[in-house]
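Below: a set of structures, written as structure tokens.
Okay, so chain A shows up in both of these, paired with chain B first and chain C after.
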Partner chain A sequence: MTGFILILISAFFFPGVILRAKSIASGRKGPGIFQPVKEIGVLLRKGSVFSNATGVIFQIAPAISLASVICAMAVIPFANQNALISFEGDFVFFSYLLAFGKFFAIIAALDTGSSFEGMGANREAFFSMLVEPAFFILLATFAMFTGCTSFSDIFSHFFVTGNHYVLIYSIIGFYLFIQIAMIENSRLPVDDPKTHLELTMIHEVMILDNSGFDKALIHMGSYLKFSIYGALMYNVIVPAGWNVFLQVSLFMAVQIIFAMIIGLIESFRARNKMNLNPKFILTLSSIGLIAFLIILILTDKLI
Partner chain B sequence: MSQKLYSEIKNNSISPDLKEIPVLQYDIFYELVCDFLKDEARHCIAYYGVPTSGILKLFCYIADDNNSSIAVFSHELDNNTIVLKSITPVCPQLQIFEREIHENFGVVFDGHPWMKPVRYSHYRSDKSNIIDNYPFYTIESEELHEVGVGPIHAGVIEPGHFRFICNGEKVLHLEIQLGYQHRGIEKLFIEKNDSLQRCILSESIAGDTSIGHALAHSQLIESLAGIEVSEALQIERCIALEMERLAVHIGDTAALCGDVAYQLGQVVCEALRTLIINATQLWCGNRLGKGLVRPGGSNYQMNDDVAGEILTVIADVDRRFGEVADRIYSLPSLLSRFEDIGKVTREQALTIGAVGMAARSCGISRDIRVTHPFQFYRSYPIQLLTVETGDVFARGMLRNLEVRESVKIICGLIEIWRRKEKIINKPVYNYKLKPNKVGISIVEGWRGEICHTVITDKGGNIENYKVKDPSMQNWLALALAVRNQEISDFPINNKSYNLSYCGNDL
Partner chain C sequence: MMNAVLFLIILTLTFLVFFVPKAYKYQYTLLLLMGAIALSSVWCFKVLSGSCQVLDIHLELPAFGNSLILIIDKLSAFFIVVVNITVFVGLLYAKGYLKPYQQTKNSLSFSIHFLSYLWLYLSMIMVVMIRDGLTFLIVWELMALSSFLLVIFEAEDRTILKTGINYLIQMHVGMFFILIAFLMVGKATGEMSFDALGLYFSNHSDFLLFILFFIGFGIKAGFIPLHTWLPEAHPAAPSHVSGVMSGVMIKMGIYGILRVLISVQNDLLLIGITILVISLMSGILGVMMAIVQHDLKRLLAYHSIENIGIIGIGIGLGVIGLATNDTTLSLLGFSGGLLHVLNHSLFKSLLFFNAGSVYHAIHTRNIEQMGGLIKKMPYTAILFLIGSLAICGLPPFNGFISEYLIYIGMFKSLSVTNLYQSIIILGSIVGLSLIGGLAIFCFTKAFGIVFLGEPRSEKAKTAKEVSRDMIIPQYITIAFIVIIGLASVLFVKPVFNIISQTFSLPDITNVTNAFVSNLVQISLLCGIFVITVVALLVYRHYHLKSRKVSYGPTWGCGYTAGTSKQEYTATSYAYNYNHIAKPVLQTKKIMKDIREDEIFPDERTFKSHSDDIFKKLFIDKPVDWISDLLKKIAVMQTGQIQHYILYAFVYLLLVFLLTYFNII
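And then the complex of A and B:
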């Protein structure tokens, strides 16, 4: 339960920290940390406008997406406590819950019948598909390393195997979770959340027709996803056995650092050319594979 | 054979009498124009029709870069001729001009591959042609899909419609349809009798080139009214033109960075552009230089304070822009977005008659400041800069080089200006234009050559006024650039040209 609440809390300041980091890196003061959340408040008080071309799918999709993200949150553990829901193989459940939400976002975009949104949906589906192997290879590596198959068990056993090679997985896991989080949340270098150019957008173009309340739900889902990945990253770098109060502050620190890293990456590089994205995303899978091979060798399973 | 077939004039010089320009039979006109345009040092700068008492007269201006002259050809259509042999199949650079004549006067050019409407002007010949019933080019296929963008765009872009035919992410064909910004500028030049209004009108042809267009207009008026301006004023005008070039080039570099999500380059260049336009504001009270260029004189004489401020600002901008540009054009993640994107070959650019930056980024030496110098450029030779590759990188790099060069030009010009006697008159508004004349004035704005032509009647009133913004020829370069590119690279290609919608629509 603590994990669930902590993720909720960190989602409040996460987008604000990214924005602030970007502003400061570009020599500006930037808006307050809670500005994006305040904007959600404004959106929530507005009604939604639906185009005549859309059907019921378009209207329910944002709610379903947000619901799937909140459910996915429930399987993330914190410290030594079990997650709200925990069972064997729950990381598969986690991944496909997020995919389920994304699936609805994609068919909602197709529902509008706009050529832009179709294009965006097509790109989003393609890139999400490519990022999936990276996630599963990483989790399979962890599962093999710890011998457990649920998030709660994996992370509570992660640092107690007594194996010092765990540092390698911490680093690789940290790196891959940053990249996967940035791709899943449509940030640089794969997508650019700030662009106003429909033709280059991926995620933004899918939600062009959403307004008011629905748009707020979509934003909430995206902020929550950020802190979910932040929580996963936290779990691979901080041993679960530490004091809980220390962990709470460390958790917040990791989330803030993660947000700042995203802000800084976005300040000092350009986004990829669209046809380089598949290569870029597949690189993550190959890094995952290398980690996987290392563990096979180290645990003498590769004979 | 000794009979002259065309008139030769120099840029910004005393214009010939209307009747001195020989009127040719169409077959001779056709042969001559085709023959002239074979040489790649020549290109068409304007070709348009003038309806005079029921007879349509065609004028074709071809600039010759070798001897800085402009050849004028003319042809008179009989009352009953409406079909002419199109020159476009031989010289594709005339395509836009023939389309314009067709749209405005209904002349049919036989053999023209595609009589696509240019801008749906208010005075077009066939009013039943409207954008709503325009048949866009289509390709029948199961695999291909069409993407229509605009006319209303996200952000602050002017209206214009782009229709892509794509195979997945790859663009097979882009069709550009403009005309949403049509205001009837050319008609207004004739209707407005107040010369101040005409100046303001010229500044509003394309908002980002107000100094360029105002200079082209003032130059034209001065040559027709026989007004001489002092060298000090000529220098000031050149400085103003270079300031505009600096501001827009730096702003475009910012926009290029913005389009590929490189925040640092974007914010730094935006800040630098502000410094430049604020210096312009200090000089004339308007950041875009409106009101600065007027025929015969100037309301805002440069003084030592302004000159000093400009020098300080551009020295600062030069240093800071140098730093950021070095970074932009060496950062791998940016280079991969700029290099080999939207390539237009030198042959393509020559074929479509690209002008200005679009031509220079493909290695064509076409710069009016060098080839047909005007104002103080006649006594202050500048370096003609070209980049060979013709891709987005080339267009960005050319901006970078031109910024550095403009800084040098401004410093050099201010140095000379300080030694000149500063007699600058107030603007002349009650001028009288010489009757029955043809006048032409070309100016190298930041985007390329701006051409204003005028024909006066026997009372010295403006009978016909024609404006040609460089965008008119260059839009086709954009359509060629995105072929076989990814559709997601269209915005960066578009930005790298930064063509004017209203300059085309008039």
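And then the complex of A and C:
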């Protein structure tokens, strides 16, 4: 339960911190930390414009996407406390439930009949397909290392093995989660949310026709996804046994650092050329394989 | 005794379909089918409920030397249940589908069609009940013949007839392999039956015989590279037939493989790895080829290959589990595979039926000419959507449950296995997750291009929803899909039971109990998910009521005057994917470049086409080679009787000489 609430709380300031980091890096004063949340409030108060081409799919998709994110959140643990719902293989459920939301986001984009949105939909489907193996390799190595098969068990057994080399591994896990989060949320270097040209967008171009309430739901889903991945990262670098208050403050610190990393990457890096993205994403899988190799050594299977 | 008589009566009554008036043939067929289904369901119930372990039914037929015995154990019962559901829904759906053919087809072709349908059903249930090798081959052959007759229903079209013959030949190649395998068993043990396999395996090498069986059954199931008949035959057949063929008939190959595996004792690891590798290849390549198809039914046919791959992954892992005494892995692997047999039969038949409805409405299977159909055919669209979500393995639908079983089996055994198995299992995890991602890519494309956006052709603009006869039967399938997804425990427990008895696994109560709690949690979370969605939608409804809602054109970046030809197409959707999948797919673009001196370019066409490299390699090339050879031999066919007499004389002389020198 704590995890669930902490993720909700950190989602409030997460996008603001990214914005703030970006504006400071570019020498601007920038908006307040809660500006994105206020913008959601504005969207909620607004009316909606729908395209004539769209139908029922377009109407229900944002709600389904958000619901999938909220339910996926329920399996994320925090420190020693179990997740709201925890069972063997809950990460498979996690990944497939998020895919369910994404499925609807993609077909909603196709529902508008716009070529721009078709393009975005196609890229989203394509890139998230490529990132799937990386996530599963990472989780497989976790499962192999700890002998557990649920998020809660894996993270509570992670540092218990007493093997100090696990630190190398948690750094790889941290790195992979950052990259997966960036791709899943369509941020740099795969996609630039601030680009001005439809032809080069991925996520933004998919939601061109959404407005008002639906757009607010989409933003909420995206912010929540960020803090979900933040929570996963936190779990791989902080041992579960520590004091609760320390844990909570560390959790917030990790979320803020994660947001700042994103902001800094977006300030100092250019977006990949679109057709280099597959290579970039597949690199993550190969890093995952290196992690697998490390685990083979750590568990004395190799050598 | 009673059972046998009833069964024989149904068998004989099927032939009377020829004498029933054309208008009542459908009703007669339905009645007979319902009778047969009721009878076989009673048998299954007896076996599955545990009131008897194995049900023997002696059909006292003198022609078979009184040896025709139907034996129903739990595995057979499971397959009969799977067959029953889909065949029943298929026939209900056929009522609406066949209506337009009432005028164009004569009474005889209807009789043949319905007779074949009934016999396809009867032969399928007999395949899973018969253990004797020779009788098994006879019903196996009946299954191939009846499905062949069903495929060529529209044989006026020469290409369909050609496809049908291609199918028939490939089925016989498969049967040939099974025949050889049975002959080997017969020669070694003196008995040609599945029961003698155990005896054979106990003192012979297992691998060779298993491979023979695997090729024979694998052609039916459609493992790559044995799949080439599948993408041809399914589009050619009427939709209710392709639904049944893809949903259940190809599963007979899976049944055969499982039946052989029961007896295998040695070489288990090698066999398991072989199955796993072939299945992974089928799964990944199947869906990769599916993505680039433009023909909706062909796309679905390639997806069958993918799903056979998933089933095979489960079975392969199960065998590896048997080899390493890892009960959890074999239980979860086999159960995942077996449950996926049921799941795939549900959603794939559903998808084929709806592809049929689309064909019915706009008379084309080309995806590029569809679009916007959700507004014209809302029921078909929603049914297709549920099928798509289920086939992608997304919760809360049934596909997720079977894939979850396989996943969890793999994850659980990762930490206990040794180096090589860890690598194999990690490979399968990556493969399965890739298949999942590709399937989502494929079905967002299929659903999005077919049903969403603006219509891409005149035909799609004027489409009308199909009649209720074609929609209502599918609710049965939908009900199963949703129930398996939400109340998975009800189905997984019996499947565990079937597997543990069939493969005589040691005590599994611990695993089952632990697993039931997992499944309950999944159901709970799925329930929460559904409730969240509903709550959000209800809130949204009231929220929008109090706000200003207006409608306008889609955002066109300042240019909204385009036609629907400028929409994203299936080809453009798959463009970037095509780019990295080129080595496998060999997509060809057929177009003419604009030359430099062409100031006013004339009309241009663009066509893209991707070949099935396996078809090229394993079917087309050998066939070309053989027909070239035969053409050369045809020189001898002079048409002059003197020459033929000379040939006969030379032949006799040859035989005489060879005998004289004791060579033959």
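Worth pointing out:
Here is the rule we use: the second predicted complex is superposed on the first by the 301 of 303 C-alpha atoms of A that agree within 3 Å, B and C clash if a C-alpha of one lies under 4 Å from a C-alpha of the other, contacts with A are read in each partner's own complex, and residues count from 1 in each chain.
Keep in mind that, in the parts below, a contact is a pair of C-beta atoms (placed from the backbone, for glycine too) under 8 Å apart; a residue touches a chain by one contact, two chains touch by 3 or more.
No experiment lies behind these values; they were computed from the predicted model shown.
In the superposition on chain A, contact of A:Tyr96 is made with chain C only, not with chain B.
Of the two partner chains, chain C is the only one touched by A:Leu130; chain B is not. Judged by the touch definition given at the top, the superposed model places A:Ile180 against neither chain B nor chain C.
In the superposition on chain A, A:Arg28 makes contact with chain B only, while chain C stays out of contact range. Contacts of A:Arg269 after superposition: chain B is touched, whereas chain C is not reached.
By the touch criterion defined above, A:Thr149 lies against chain C but remains apart from chain B after alignment on the C-alpha atoms of chain A.
In the superposition on chain A, A:Asp192 contacts chain B only, with no contact to chain C. Of the two partner chains placed around the shared chain by superposition, chain C is the only one that A:Ala67 touches, whereas chain B remains out of contact.
The partner that reaches more residues of chain A, of the two candidates chain B and chain C, is C. After overlaying the two complexes on the shared chain, residue contacts for A:Ser48 are found with chain C alone; chain B is out of touch.
115-116, 118-119, 198, 274-275 are the residues of chain A that lie in the contact sets of both chain B and chain C, per the superposition on chain A. Touching chain B in their complex are the following residues of chain A: 22, 25-28, 115-116, 118-119, 188-189, 192, 194-200, 266-276.
Within the complex, the chain B residues that touch chain A are 145-149, 154-155, 169, 257, 259-264, 266-267, 271, 331, 333-334, 336-337, 341, 486-492. Residue ranges on chain C touching chain A, taken from their complex, read 371-372, 374-375, 378, 385, 389, 392-395, 400, 403-404, 407-408, 410-412, 414-416, 418-419, 422, 425-426, 429-430, 432-434, 436-438, 440-441, 443-445, 447-449, 452-454, 514-515, 517-518, 521-522, 524-525, 528-529, 532-533, 536-537, 540, 543-544, 547-557, 564, 566-568, 572-577, 579-580.
Put simply, chain A touches chain C in their complex at residues 44, 46-57, 60, 63-64, 66-68, 70-71, 74-75, 85-90, 92-93, 95-97, 99-100, 102-103, 106-107, 110-119, 121-123, 125-126, 128-130, 132-133, 135-137, 139-140, 143-147, 149, 198, 208-209, 212-214, 217, 274-275, 278, 285, 292, 296, 299, 301-302.
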